[in-house]
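Chains here go by letter, A, B, C and D, matching the order in which they are written, and residues are numbered from 1 within each.
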Amino acid sequence: MTNEAIKEFITATLPSASFDETGEWLNIQIEPTQLLTLAKALREGETNMNYLFCLTCVDWKTHLTMVYHFSSTQHRNSIVVKANLDRNQPSIETLSFIWRTAEFHEREVFEMFGVQFENHPDLRKLILEDEFKGFPLRKDFEDPINMIKL
Amino acid sequence: MFIKDYISDVYNGVTSLLKGMRKTGWYFVHPKEIITEQYPDNRATLKLADRFKGEVVMPHDENNEHTCTGCTACELACPNGTIKVVTKFETTPEGKKKKAIDALVYRLELCTMCNLCVAACPSDAIKMAPTFEHSVFDRTKLTKILNQPGSKIKEGIE
Amino acid sequence: MIQETEIIKDTTHLGDEGELVVNMGPQHPATHGVLHLVVTLNGETIKKIEPHLGYIHRSIEKMCESLTYRQFIYVTSRMDYLSSHINNLGCALLIEKGMQIEVPERAKYVRVILSELTRIASHELWLGAMAMDLGAFTPFFYAFREREMITDIMEDTCGARLTMNYIVPGGLMYDIHPDFQKKVKAFITQFKSKVTEYEDLVTNNVIFQSRTKGVGILSAEDAISYGCTGPVARASGVSCDIRKLFPYEVYDKVEFDEVIETAGDSFARYMVRVKEMNQSIRIIEQLIDNIPEGDFVGKTKNVLKLPKGEFYTRVETARGELGVYIVSEGGTTPHRIKFRSPGFSNLSALNHMAAGSKIGDLMATMGTLDLVIPDIDR
Amino acid sequence: MFSLEGLTAMIQNWLAANFNPTMILVLQCVIVILLAITLFAVLGLVLVLMERKVAAHIQIRLGPNRVGPGGMFQTVADTLKLIMKEGLTPDKADKLLFNLAPFVVMMVGMLLLAPIAFAKNFQIWDLNIGVLYISSISSLSVIGILMAGWASNNKYSLLGAMRSGAQIVSYELSAGFAVLSIIVFTGSLQITDIINSQENGWWLFKGHIPAIISFVIFIIAVTAETNRAPFDLAEAESELTAGFHTEYSGMRFALFFLAEYINIFIVCAIGATLFLGGWMPLHIGHWEGFNHLMDYIPSSVWFMGKTFFLIFLIMWFRWTFPRLRVDQLLNLEWKYLLPISLFNLLLATVIAIYGWHF
């Protein structure tokens, strides 16, 4: 599938999505509320994006960006979906019902960035201890004891 | 049919087990295959690869001279803050002021032997030594000063 | 202020009637590290497995945000320490891609040879450790004997046995050792003569086969959905070898087969790895005599600055697909770096694979997943 | 020619000359107990070292080689270490059972020593139901293991003990049937009779196929009964950390460890007695010269040689095979070993009735 075909397909489902082709792969910028619609379409439609190979979050100090890397084992092309979140109340729909791998990756993002994943089956801390305060991968995280400034 | 399968099952199983036993038995009666290195006893013959990254050292020649200019390239290259270069200003016989190292402090306990400092050094003043017996009873002994006392920079190194 | 998330704590609940909740790990002989599994048992049968991670989480991603592009490569050796060379390669490839650095052919060849040696070493260790999980102690030592030859080669050429840090952006840290080719060839001969040993001791052993066949089955759809990669996915019939799909370095110039099994059980995963070792040997044999002469490192600037943007590289480590995702703002340090580690995704499938089987099967399943805990925790 | 028989007779005469009958009995008991304890200690030291050396050589290693020449005193050092260690009792453990369990396991080993003939006329108690006595007492060891597993208040221990219970109870059956097929040939349960019946050849050779089959089954079954790999599910290091003795430390752990090796020695001694003629030298038909030569080797050496050969075999198994799964373990017993041994017993009976054996 070419990028054009994917663009057409996405525009058909989600007219408001904006595209960016400067990087290696096609970037799709969407609103967080539209994620579930787009994800379902990507998974079930002709794009057949059955492989979510990377799920992460980037802290831009003003907002958080969820970054999803999708790929298809059928067409072998990859796309990147991004959604900007409010930094104070970050919340987005979970994808763990569509891609099972999202469950662990979302739990990691939840504790590292504090993003709430709605309808996640088991949203608990995975790596940090339960009493841990703060979100370590955010840029403003400070830990005077364990972080050594060189 | 059932009996035949049953018997062939048992037969194949037993032969596969016997094959394994033959292999281990072969090693049992061939002590020459033993590969154990008796470490503290073979110190004399134990030779590590020349490139083995054991610790950072500063080679000095017979006149107690090194080639470190105190440019702090290694300090900047180090990811862990292992190296600290303390510089001083020396006056040469001609009366010129010249930057030289006072001490190159190397903290072995922080070092990950990544070789980045050696790669960064413009005058090949430091290198990795193939030593590995680093254990000491006191942690402070791991902080070393690499330049020898009274050493000075070699002529002609800028 | 951000609202701290309420964590639901339920420490009093220790399973329902007839259930036994066992903490496997963080100190347990079969978890090969500090993996903590909370296993709910019904007699000998596993009902649920819940991994608790983070016992050796060093926050490498946060650490890398304060390291320059030259410096951060060495940290990645500590992620998946069994394929540290391939981790380094992934990072170097990303920087080279982002900055359009030319890498000399010689460096490419050596990188691939060392990657494949690393893969063999990793699989050798896995083979021994997995046999040990199933109660056979001896193959461990035989596997380590061959692995020792590889680590000796690494020591000669890279100066370290495990965390090499031999790759720098643009090529290699220094040239290969003069004896490199001779030693690699000696290793290949030795390895080929000893392969039958593993067959006698492990592969054909009736106990081993009955312990692994039909155990921990993962279907192809589930493997993709769980994001499994590497030998785990290939054993389920998913073609996912990055070396074949998106060739990097000189993988497009060598002939090798992507090993695919379809059964999806522990034995298939075992066979994939054993066959992969042979394929790696095949790759090395094609390259070892043809290492071109020339520079071992390309021309690079002293201070590396990745242009503003996002970069992603994928490399095939011994455990699967390693993704390196860097968001750069144009400075000397990355703004955000994410390592998509293969073990993390593979582990997430463990509950699905092992639930409903016996405790003994858990060891076979976990053993064939080939988990390296620092790789999962990062 | 050195013989233990003469030694016992000498002591007996000396006792008879100097003491009254009650005193003689008491003194005999004391001597036997002292000998048994010494034997235990020595066997423990020797067998642990042997296991480590065998394992090492199979695994292309050297094994213990630091304490004493060739590592000879390694186990002595280990024992010293274990004696000096603190014996911890877990909180909420059943203290009485927890402390009792290692002794129960040891006691079973001690009781089993009674009917074993170590050399010609060198036996503690030649009771007329020797084999029956052995099979009944040896099944008691499961009680000790269950006690240990239950009393530890540890989930791993409990799982290990339960596994061990299922395992020992099932494998008792095929071990019993294997022994029974030899009893069918000899027609006596007394150990002396069984050994004497092998004067012109060991049962392994005389008894045709059934004896060989029952020998194989016996070896498998006793490996399982003593919880040795590939049947070490009760300990299953990679699954249950250390199984039923997870919580034991110090001397109590040492007792479990010792009991394991004593049990191996005893079952191998029984195997040697039943199938390989005990202390009886190797005799082949009418080769008079050869038989005379064989008679020259002391009977105790014959016995120990055979026993240690079997012990080596069991160690060889351990360091070669992977462990079975718990359901496969029971499958092996109930679907393979038990039917085969039942059929084998029938065959042995037919052969014994028609007198087809040599």
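Basically, a residue touches a chain if its C-beta (ideal position, glycine included) is under 8 Å from a C-beta of that chain, and two chains touch if they have at least 3 such contacts.
Every value quoted in this text rests on a predicted model; they were computed, and no experiment measured them.
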Third chains touching both chain D and chain C: B
Per Cα centroids, the chain farthest from chain D: A
Comparison of B-C and A-C by number of C-beta pairs in contact, larger one: A-C
Chain A and chain B: spacing of chain centres that average the CA atoms, whole Å: 42
Interchain centroid distance [CA atoms averaged], chain A/chain C, Å: 24
Cα-centroid distance, chain A relative to chain D, in whole angstrom: 63
Touching two or more other chains - residues of chain C: 138, 145, 201, 205, 207
Residues of chain B whose C-beta touches two or more other chains: 17, 20, 23-24, 35
Multi-partner residues of chain A (at least 2 other chains): 150
Chain D residues within the chain C interface of the complex: 55, 58-61, 155-156, 159, 163, 229-230, 232-233, 236-241, 319-328
Contacting residues of chain C [partner chain B, same complex]: 67, 70-72, 74-75, 138, 145, 148, 152, 155-160, 163, 165, 168, 173-174, 177, 197, 200-201, 204-207
Residues of chain D that touch chain B when the two form their complex: 54, 57-62, 65, 316-317, 319-321, 336
Chain B - residues contacting chain D, complex: 10, 17, 20-21, 23-25, 27-28, 31, 33-36, 38
Chain C to chain A touching residues, read off their complex: 2-5, 7-9, 51-54, 57, 59, 61-62, 66, 221-222, 224-227, 229, 238-240, 245, 309-312, 314, 321, 323, 325, 327, 335-336, 338, 340, 344-345, 347-349, 352, 377
